[in-house]
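Chain lettering (A, B, C, D, E and F) follows the sequence in which the chains are written, and residue indices restart at 1 in each chain.
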Amino acid sequence: MRSVLAVGAHPDDIELGCGATLLAHHQAGDRVTMLVLTGGENGPGDEFGQAGLRRLEQQRAARTLGAELRWGGLRDCTVVPDSATIGIIEAALRATDADLVYVHAPDDSHQDHRAVSAATLSAARRLSRVMHYQSPSTLTFTPTVFVDVTAHLSGKLAALGAHASQVEMSAMVEPDAVVASARHWGAQARIGYAEAFAPTRMVLDLAPALRPSAEVPTPRPAVEDLVVTAHRLSSLIAAPVAAPVAAG
Amino acid sequence: MRSVLAVGAHPDDIELGCGATLLAHHQAGDRVTMLVLTGGENGPGDEFGQAGLRRLEQQRAARTLGAELRWGGLRDCTVVPDSATIGIIEAALRATDADLVYVHAPDDSHQDHRAVSAATLSAARRLSRVMHYQSPSTLTFTPTVFVDVTAHLSGKLAALGAHASQVEMSAMVEPDAVVASARHWGAQARIGYAEAFAPTRMVLDLAPALRPSAEVPTPRPAVEDLVVTAHRLSSLIAAPVAAPVAAG
Amino acid sequence: MRSVLAVGAHPDDIELGCGATLLAHHQAGDRVTMLVLTGGENGPGDEFGQAGLRRLEQQRAARTLGAELRWGGLRDCTVVPDSATIGIIEAALRATDADLVYVHAPDDSHQDHRAVSAATLSAARRLSRVMHYQSPSTLTFTPTVFVDVTAHLSGKLAALGAHASQVEMSAMVEPDAVVASARHWGAQARIGYAEAFAPTRMVLDLAPALRPSAEVPTPRPAVEDLVVTAHRLSSLIAAPVAAPVAAG
Amino acid sequence: MRSVLAVGAHPDDIELGCGATLLAHHQAGDRVTMLVLTGGENGPGDEFGQAGLRRLEQQRAARTLGAELRWGGLRDCTVVPDSATIGIIEAALRATDADLVYVHAPDDSHQDHRAVSAATLSAARRLSRVMHYQSPSTLTFTPTVFVDVTAHLSGKLAALGAHASQVEMSAMVEPDAVVASARHWGAQARIGYAEAFAPTRMVLDLAPALRPSAEVPTPRPAVEDLVVTAHRLSSLIAAPVAAPVAAG
Amino acid sequence: MRSVLAVGAHPDDIELGCGATLLAHHQAGDRVTMLVLTGGENGPGDEFGQAGLRRLEQQRAARTLGAELRWGGLRDCTVVPDSATIGIIEAALRATDADLVYVHAPDDSHQDHRAVSAATLSAARRLSRVMHYQSPSTLTFTPTVFVDVTAHLSGKLAALGAHASQVEMSAMVEPDAVVASARHWGAQARIGYAEAFAPTRMVLDLAPALRPSAEVPTPRPAVEDLVVTAHRLSSLIAAPVAAPVAAG
Amino acid sequence: MRSVLAVGAHPDDIELGCGATLLAHHQAGDRVTMLVLTGGENGPGDEFGQAGLRRLEQQRAARTLGAELRWGGLRDCTVVPDSATIGIIEAALRATDADLVYVHAPDDSHQDHRAVSAATLSAARRLSRVMHYQSPSTLTFTPTVFVDVTAHLSGKLAALGAHASQVEMSAMVEPDAVVASARHWGAQARIGYAEAFAPTRMVLDLAPALRPSAEVPTPRPAVEDLVVTAHRLSSLIAAPVAAPVAAG
């Protein structure tokens, strides 16, 4: 049994980047923990009185992924990769005894994402397994490691759907793009749907795999079903899928 | 009016890589030429008596893109980037007086794709605009230049559909992955659907753009429509979309 | 008509990086705006009573480029890519409704340049066209997109000449190196003189180009004339061209 | 149970690149096959009547790794990545039903290594797991995936020792450098000793691991013991460890 | 005679990264200066009353390398690449009139290392020779320039041994890994043992070399002797070599 | 005294890439050898009866650089990196006992340049110093090592001028671009004029430099003089400098 820690700057970052992979870990019997560094206690939503709602949403999303949730207590858009931030992540690593960490890719146009990526690399400096996931704001990203999420993509969309109140989400998160990217990376990986990762370092575990029902292949969900799920999700949030950003 | 030359190793390579962009060029009044280096005369299909059929299909695909078609006369899986291959491409550049070339990305696991990319870079050594497109067998690919193909994706799928007889197509070309990648790159480019390019060099044209009806934005096709088109297309070819490659 | 925003950390950064390209935009009928983040109000020159002079110089330089000028109001050598800096750039994007942004390359040894590049990538996170220019302090830089500035190099030198009082300029800005780099990149681009850009993302506009007098090719200025211009410029500033930095 | 195929250009290439990892696969119950493309039947050793001996040595080395051995039948220093070479590797993939392939890194100064890497990428174009190992002649190599070989390094040295007759070995293979690189990559991976890999693509298997005796940690061999083993090995071959290449 | 400045964030960083190269410079008659930015006056060791001890140790280490020692006076884990830090390094460059600088590689998981690398690139912006060394926490690192340290590796280990009190050292610095990396890079460079560097820019000096006793080649130390030295060193510090980090 | 081998595919390739550096080596007392692989005996010029003339020109160019000349005897546009080509370069390495090799950069659009680069990397596989120079057809090139050629640029232009008959030269070689690139790289290296190199590996020589007249700095030639020299040169060859390639 592995202990897996996923670190993200804001609510829904982790779900977007590696939510389906966390589900796969959960199903494999691994312990899964999410560390969300900002937004729970004192995020920008506070002035609208929504902090409590967003806490509930993130809690619900974590539950759908079978994950324990930890909050970093930092403030949105002010994260810096200093000793304090590193200390928060070190504490989560110690508490979970994690041997695998997922975190933002380093080259990202959001300052919080860059800071969280850098701070996690510091905190996990003695860990043998650190992998980076992609966000909509990630810039260069050349993944080489993939996880087959064909069986978990609906679960990922459900976890994203738990963040329905998040008005910011409408700007950068487009559910149909989530499905499309999973299929794009899946084609790269020669499978159906995939989440993609760029490892800083990843020590493989070659121990014999225990696969209870390997004979029964996971059925691949029809594209239409996923698109319908994505659409249903998009109807819950502010921006409709069919016109996310006006083309130049 | 630009003269655009798209170079590909095999029938359907160009359509897959930049078919919608060629349509956009055509619609902008540019002259568009496709140079397919192998497969027309003496491809592997000959033994099944299908060479004639594939010639017709490629001709039909070119017509749907508003493009002139040229054949290189080389044999599938034997292309090398030598003087003879370079000469064929140089002849096409001279005949079309092209000032913009699209060709395979250099890092590709198919030997013909690598050879065509290298030979085109030689032939176009004095040209100021050479851009690389992605194929399913492309390896590293970091695009930075994009073309908005929201209005042309259906046309691209139609052009691909013209290659219905191509049995090889079932292995690597998955229509739903074509749509997914266009959406994935579109999200990267902050638009709807995009084709993605990595330029070797691209001199921009900053002359004032003549845009007859810029006030009427191109409506973005609903995702469902494109998926339905992709499915209709996939029913024409050998492999069903729903199980392209068994996941490991 | 495009709206173009060029962002730079200090007076003369923009002229050095993309001054001739801005002239080309201006000549093509585009709206051009320069956002200079530091140096106007409270730069280091204040202690010499030169702030007013530098404001005038930057204003004059902008005028020679046909550009509107905006100041960011930050202090030289203290720029950080935080929410405040991002907000200044967002305001400029909103005010100009820009659809194309030019900014410093991310890998630069000057802390302000790095900060401005990062903050602009945040501010322009939903924009489809962001291109990076090179400064003398830029480190790795692999341009793939070029603008032909053969007709605008003299204008660029004139804009640089407007910054005659800038004593710092003598250290890193060498006018003959400006001409040499334009010719170097021009050779890379297979044209005469070029400014070079590395795009984060660049959506091409394939609309038909309206070229009023395309039949009359731009005459390429003789190399000697440009060198003479560069020398005349260098005689206006502190360091003579013939001995910029003593070779080790 | 996985089926693993390791592909190398010459005898001892595979052992050097991933010998200890193959031992780890074998111990985990995986099926392991080595495909050596040249050197068995008609290598350059023929003129010294050593072909038979080298066949025996490679056979012995494969046996120490618990691997099945296949020969490609090509001639040393003449490998090209054409259809014939690709076909040989495709046949091995089919025969072993491999789901994981190890092969040379693409950027290598030995023409056979480059050719084998390219041909394997073609042959494995539909496979979800292709990883590249390093050879002494490999040029750029940026590994991100590692296998802990602390328990298998002695076995790797033993497999290398089986190639005692190989006179070429003295030039590029230095046993103490093999141990040093394993420790170097181990430090990168935050473990003891590692073999390092750069994946073209690697789909992770997150099924629960079956670890028979995970409670008993693998004892790490003392550095001295490994060095002594390396030295004993070097005394079997032509060049002494203490003076591999005269320093400039 | 060159003047060489090596810059490091903490005590022992410089010795680890380029200690043997500094010895080679010293032996060639060059002036060598070490600038240690933190840890001397007010490092974290203060609370254990060890600051004085660490100052003495660093002083002793510098002496074994024939180097002058300068302190930056910053506090451990708080270094930022701002004007103040840049000013400290500029002062050292002026005081030593250095024409060659060694400093941390930019991509490092330790925030102080990143900051020192960036600040040094700013301070040395007009210098023609800036090379980056690797630390245990360095991430991507692709060295192309090497120094043969076969004759100076023992001296490097001795300099590291001078830092015996440094409890932190046990975590990331493993003496046997130091020897292994030197041998690994030596094999890359086709020599015995090497320190490896990635230059930002390096102007070569092609003046005729004065080599007093070039006929007598430097004897390469036996691997065993170095390992024994490494072990003796490791017995001085907290963590034993044989079990540095538990393998996952 | 070093022995330096410069390898190029065609007459004038070496002069363009590193001619001034060879002059610097010659002046430092090093032995300099040029190996030109094609064009002497049976190049494409043969049909015009110019092979003899080109042999004489290359011989004259080598003499102006103080270099010994060797011919590879291969045919233009047919070079492949096979054992025969590698053998030719190995013979030159043995004959000259070279410890430093200059050769084309690997990523080049000319097939001969790629082949010569690859074959030289094979032939020099045990050498500690291999550096790549840039050609007009080179694609990606990120130099980090530079040689100050301020005192040798006129000599480089003179060596290029010795190739006056070479009609091909008019297409890609533009003398003013040669000067411009030297100044561009010089600015990168913080000196006057530079030739730029990307090392595969470069072991530095830290022996004390013997500099006979280091007190007298090399005077930097006025830019005008170099441009005049470049123009005089261009009047000797087919294409005038002022209109090398029509800008798009």
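Keep this in mind: a contact is a pair of C-beta atoms (placed from the backbone, for glycine too) under 8 Å apart; a residue touches a chain by one contact, two chains touch by 3 or more.
On a predicted model such as this, the values are computed, not experimentally measured, just so you know.
K.L.:
Which other chains touch subunit A while also touching subunit E?
P.N.:
Of all the chains present, those in contact with both subunit A and subunit E are C, D.
K.L.:
Go through the assembly and pull out the chains touching subunit B as well as subunit C.
P.N.:
A, F
K.L.:
Validating interface symmetry: for the copies subunit A and subunit C, is the fraction of residue numbers used by both over half? Same or different.
P.N.:
different
K.L.:
Just curious, how far off is subunit F from subunit C if you go by their C-alpha centres, in Å?
P.N.:
33
K.L.:
Where the centres are mean C-alpha positions, what is the separation of subunit C from subunit E, in Å?
P.N.:
38
K.L.:
Between subunit E and subunit F, tell me the centre distance in angstrom, where each centre is the average of that chain's C-alpha atoms.
P.N.:
Whole-Å distance between the two chain centres: 36.
K.L.:
Which subunit D residues reach two or more other chains?
P.N.:
Expected reply: 125-126, 128, 148, 190-191, 200, 203, 205, 245, 247-248.
K.L.:
Using the touch rule from the top of the page, what pairs of chains touch, sorted by label?
P.N.:
A-B, A-C, A-D, A-E, B-C, B-D, B-F, C-E, C-F, D-E, D-F, E-F
K.L.:
Quick one: in the complex, what on subunit C touches subunit F?
P.N.:
Touching subunit F from subunit C are residues 136, 140, 142, 148, 150, 174, 176-177, 179-184, 186-187, 190-192, 217-218, 220, 222-224, 227, 230-231, 241-248.
K.L.:
Would you mind writing out the residues of subunit B in touch with subunit D in their complex?
P.N.:
Touching subunit D from subunit B are residues 77-78, 109-111, 114, 137, 139, 171-172, 245, 247-248.
K.L.:
Touching residues of subunit B toward subunit C in the complex: what are they?
P.N.:
So the residues of subunit B touching subunit C come out as 1-2, 21, 24-25, 28-30, 125-128, 144-148, 188-191, 194, 198-211, 214.
K.L.:
Touching residues of subunit A toward subunit E in the complex: what are they?
P.N.:
Residues 81-83, 86, 99, 118, 121-122, 125-126, 128-129, 200, 203, 205.
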